[in-house]
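Please find the structures below.
Consider the two complexes below, in which subunit A is the common component and subunit B and subunit C are the respective partners.
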Partner chain A sequence: MKKGFHLGFILLLLCSLVLSACSNNTEAEGKNKDGKVVIDFQTFWGSETRRPVIEKIVDDFNKSQDEIEVKHTFVPWGDIWTKNTAAVAAGNPADVIVNDINTVAHRAENGQSEDLSQYIDEGIKDELYPNLWETVQYKDKFYGVPFTTDTRVLFYNKDAYKEAGLDPEQPPKTWKELEDHAKKLDVKKDGIYERIGFYPTWGSFGAGSWMANADDGKGFFEGNEMYINTPNKVEALKWVAGWHKRLGAKNVQAFQAEFGSGQTNPFISEKVAIWTDIASFYTQIRDTGKDMNFGIAPIPAFKEEGRNWNEGGGFVMEIPKGAKHPKEAATFIEYLASEKAQKYWAQKNYDNVANKKAAESVLKDFTGDEKLVYEQALKNLKDTRFHPAPIDYPDYASRVDPQLEAAITGKSTPEKALQKAENDVKKLKR
Partner chain B sequence: MMNETVLKEQQSNAMPMPESYAPKKEIEREAAVSIPKAARKRKWRPGNSENLIGYLFISPWLLGLIFLTAGPMLFSLYVSFTDYNITSKMNFIGFDNYKRMFTMDDLFWTSLWNTLYFVLFSVPLTTAGAVFIAVLLNQKIPGMKIFRTIYYLPAVLSGIAVYFLWMQLLSPTTGLINTVLAWFGIQGPSWLFDPEWTKPALILMKLWSVGGGMLLYLARLQGVSNVLYEAADLDGANAFQKFWHITLPMLTPIIFFDIITSTIASFQIFQEAYVMTENGDGGPGGSLLFFNLHMWNKAFEVFDMGYASSMAWFLFVIIMVLTVFNLKFSKKWVHYDGGDNK
Partner chain C sequence: MNGSVKFYQTMKFRRYVKNTIILSILILGSLVLLTPLWWMVSTSLKTPAEIAQHPPAFMPESFQFSNYIEAWQTGPFTRWGLNTLFISVIVTIGSVFVNSFIAYGFAKIRFKGRNTLFVIILATMLIPGFVTLVPQYMLFSKLGWVNTYLPLIVPAFLGSAFFIFLLRQFMLTIPKEFSEAAIMDGASHFKIWWHIMLPLTKPALITVGIFAFNGAWNDLLGPLLYLNDENLYTLQLGLQTFKGSVQVQWHYLMSMSVTILLPTVFLFFIFQRFFMNGANISSGTKG
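Right, the complex of A and B next:
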């Protein structure tokens, strides 16, 4: 009797376990009670500033629709893409996801995203910046629609310029000028730097970016073609290493440690006088900089006649492979790329957006510093290059970066470091 | 000197004879004789309803082991012989991943070296640190409970918050550690920003949280019988001799346990490096690129899951070999109560 009871009890428990695992299947049809198709839209925009903006855009779209309802899901930045890959493998991904602009081809190649050319007319590209469009193409098809982008510019502290006897209206145009200005802007007291004029790899323009700037905008790869150990890149790396040598490892490390955690920005706290960052860094100055008197300029050119090559990143909208409602998802993606949605995003978040008309029309609405910065950001786009990771060497950076660091810190010479980097990267090919 | 006080305190502290001092061997011998007979009869008879109920009771764990642990492990073993990338590929490629790992990947060797360095220093240091603190905290002085709490506290505070705390403590110019060093005229290193000092910085951080191990040692120390120390006193042993010949041997089972578990945990170091370096890229000069971080980057940054799985299995083999070696070698130095053959 007792045993029978035990057995029955355990079996009941097991059954309930199994049942509860199977019960989560009510939304299989993917339609809500009004008969609208429900689209799951995943972004990492959960901050106070971004979330309301994307949700307003979603809301506008939903109001304009009687067939589709978009549901926005926030997934933290650190998880979103890993989760997406797992979801694709498991066959239940989101319908629309925001993803990295520089790796679109990888996902296309690995069967992680849908070919959008089956759902969206290619004419959409005429409304978007062409260099952004290049990033979403793979084997004559396109696998994403660009949403936002960013471009690197030079911010400089005009008060510091005056203090150092420099003309605050004449930002550096070449590397040479940048170095001259920086030396004058250094403030040293009792052998300790109180302010460093400039240091090339701080901000968002790393050694690799300077090397591309020197090499006619060429990244370490153009397609699958390698451009790591080129004469201009060697020279650029020498230049970057020169700064490290001049300022001294200790000083560089000490400064870096102070702002490494990201709580304070050394440009805003006036510890560094010239700073490279994406244009929307301006919002940080605006919000925390106490009326800082700053100027903005393109990234200096390698030589007098050179162009102000800089690097771009950004995000695209994709449909993960195996999404349940690709057609409806595509309709929503088209809306996200439209002038209306893009303009609203640009206005509120100050990002460079992919839609040309939206970008130009938002510029007209801005005034003062906002206008100044946004104008520079738009002008910058013509010199902005994207360096998508090559298909054959997705993690080439893991081999190049240690060598760059070795050269900069004097553990290796630029020539040897780049030679080794090239050899190491070649070994990665599968 | 310190040991002497410790021991004196212990001597004056009349404790009941600990259970562990009871003639365990005899109990074991009895058990060894009586249990197997019954066990042999019942062995492997699923039809027996008592057995069945037993299996049913452990079935959640059993199912967990089969589906959540053993299953994925075997899957990853298979995957390590393929070019699996989660979404589109899973072709059998034999030992290619292993070949690439040993012959083509410099970062594999860097990460292995970084990890070995960390294990080699952090395991002995944290073990010795925990023993040392436990011995200190075993004294009878007023307010000891407060000290014990303070030393145990870091073991409770763990995770990301602690790493951020340490990043501030270790800051080269404004950090507390270098500020204190400066009082003594020592110019502290750049810690997490200098490739030479990143690993020592992490080891230092680990030393701070030896409280967990300390608690085990302390519990054991409280159980060491005074009879042993009194006998030693009669023989004229000094404080060091008493520590060396009584306290330490009595602690060896815990030391053994601590070394095994902390060796395994140290080989798996990941979070610290992932959180305390920018983008989890391995820190300055790749000095914090630990084995698991490299594996993680391979698995979840470039989705080379086959390669990452082969790395995981290599680590598994290393840990397995070391643990087996530890177990074998333990007979030479681990002392169990009541046994005359250790």
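Right, the complex of A and C next:
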């Protein structure tokens, strides 16, 4: 018995040795057997739909030249950045990584990403949407190249519009109209809502987004300047809180609980008639196969003369600090931002892409609803603002959000809540 | 027996009623606990369109067993499954033997500073894993262990505070006489541990084994951090391929979750008897 036990330990040691030996071989010098530089490219695009698209782009790049070989690795969504933080700290990161568009400056400030202006000509910005380019700049240099973006639009149920006696070709243009339409679209039976016309914070346009929409597109911060407690933001918050009061906390909560898991969507289930979401939400409607009769419109303006301000997100390509082959990585990033790669991505994934020509040329290939939605998304980009978290107050949302919640649920007044939010945030200054 | 005693007055009836009530409560309780599990199984058998339906149906319209096959085929899940099995088995072996050996020392050998050392070991349980995440990563990176299974396996051979505590408590209940008699016969500590302690602590060892296996099988963060090559990935990482930034493939996610859950469920049923014994020690109701 003792013999067997010792044998087991020896076997384990052997296994470990073999494993570590294997690893050393693959990492040697970062070159493959053909003498090409191997670039480790990490993304969270591992699904059946996205993986083939990114791998085709990688494959095209690998075939287009004979010095660099890109190896694509899937790392789970969200966790990819935890991994990156640890890897950068250890000096062992990937060569290219997809990262969040609204936090580029933070990583630049914290020395977690490489300054790309050393490797990529700034002229690349002319091919990309300017508001996206703004997000990657930090102290006159740029630390990422935009890849995709998203923009919020209003989806509305045309059948519900007809049923409520509204013109299905006339979506709401202002907040006032939105409210009028929503009230008509509500269906209430025995005190319980069977359908809710609209509720501002469901979907992907939160209270903060409505407040920015009311405040000429200004977020809670412009650079490091604070715009939390402004008259327009107070008014917007009052408006959001008004919906909560009108529908009743119980009804709002009941709906949220019902759809909270995200498996079913209240707009697609026709329980909510107007819905804010990113343009690619269209693919979810399409994939249910129900042939829903929906319309699309920009986010309504605060006042009649106002613009349809909305908020954008998206992803950029970055080189983490300490990457082994930044020069080659930069060459690949340039390829990812090129019209060819961007058009292919847009075509297959229905995302808004950063390259202007790619976005416009892919629109020509779309037809029907696909075209309708994409066209609106493109038009939207001119009114899309990005609100990157400010360098001095990276964690401001943790102070603002509870106050917004308190104001919406009636535990505080909008005036007091925003005053308190502003005071709390000031204390966070780094 | 007096003929006027009615059936409902008998002990038999009272026992019957008592059992019925207890049984109903237990059944009701199990149903509540089983609902999420059923939900998972039911979702795994629906079409995406049916999952999106409102109100959601408790039973799938038609059973889409093909989800299981299709989900498995979306990636190299066989490979990932074998990787996970490899890591889990080695981690389990390591956890069982090493921790038991350390626990033996704390339970049966008197030495200076034993209690202080034990308290220090227990104190490591208070440090949240996220605090040590980056330093640990840097350590393993310096050793050149990133992108190997070593960071996932080696720590299991270095002892875990919880398992040491659990096994030590169990060993304390074993009378000293056994080990003392062995010492009289000239046995070494290693022999005592191997020939006396291991067989006597079987329930606790199986508990540790199941915990360790479960932990390694379901670990996401470890493989996520240390593995860079998709060929080395584990099932938990594979599962994440169904969760995107915008959309989730619920039917695949659930069918693969059910599949991945099965080995641990089987393991639990096979060792259930021992597991219950062992679980009692950890909650302190025994010994």
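Note that in this section the second predicted complex is superposed on the first by the 403 of 430 C-alpha atoms of A that agree within 3 Å, B and C clash if a C-alpha of one lies under 4 Å from a C-alpha of the other, contacts with A are read in each partner's own complex, and residues count from 1 in each chain.
Throughout what follows, a residue touches a chain if its C-beta (ideal position, glycine included) is under 8 Å from a C-beta of that chain, and two chains touch if they have at least 3 such contacts.
All values derive from a computational prediction rather than experimental measurement.
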item	value
First (subunit B), second (subunit C), both or neither touched by A:D40	second
Partner chain in contact with A:R50 - subunit B first, subunit C second, else both or neither	second
Which of subunit B and subunit C A:V75 touches, first, second, both or neither	second
Which of subunit B and subunit C A:S269 touches, first, second, both or neither	second
Touched partner set for A:D287, first subunit B, second subunit C, both or neither	second
Which superposed partner A:G111 touches (first subunit B, second subunit C, both, neither)	first
Touched partner set for A:I278, first subunit B, second subunit C, both or neither	second
Subunit B versus subunit C, judged by how many residues of subunit A each one touches	C
Which of subunit B and subunit C A:T85 touches, first, second, both or neither	both
Shared contact residues on subunit A - subunit B and subunit C	82, 85-86, 89
Partner subunit A, residues of subunit B touching it in the complex	49-50, 52-53, 56-57, 59-60, 83, 85-89, 104-107, 164, 167-168, 171-175, 190-195, 278, 281-282, 284-286, 297-298, 300-304
Subunit A-touching residues of subunit C, taken from the complex the two chains share	43, 48-49, 51-54, 56, 74-75, 90, 93-94, 133-134, 137-138, 141-142, 144-150, 153-154, 157, 194, 220-221, 224-225, 228-230, 237, 240-250, 252
Subunit A to subunit B touching residues, read off their complex	3, 6-7, 10-11, 14, 17, 82, 85-86, 88-89, 110-112, 249-250, 253-254, 256-258, 260-261, 321, 394-395, 398-399, 401-402, 405-406, 409, 411, 424, 427-428, 430
In the complex, subunit A residues that touch subunit C	1-2, 5, 8, 12, 15-16, 19-20, 22-24, 26-27, 40, 42, 44-48, 50-51, 73-77, 79, 82-83, 85-87, 89-92, 94, 262-266, 268-269, 271, 278, 280, 283-284, 287-290
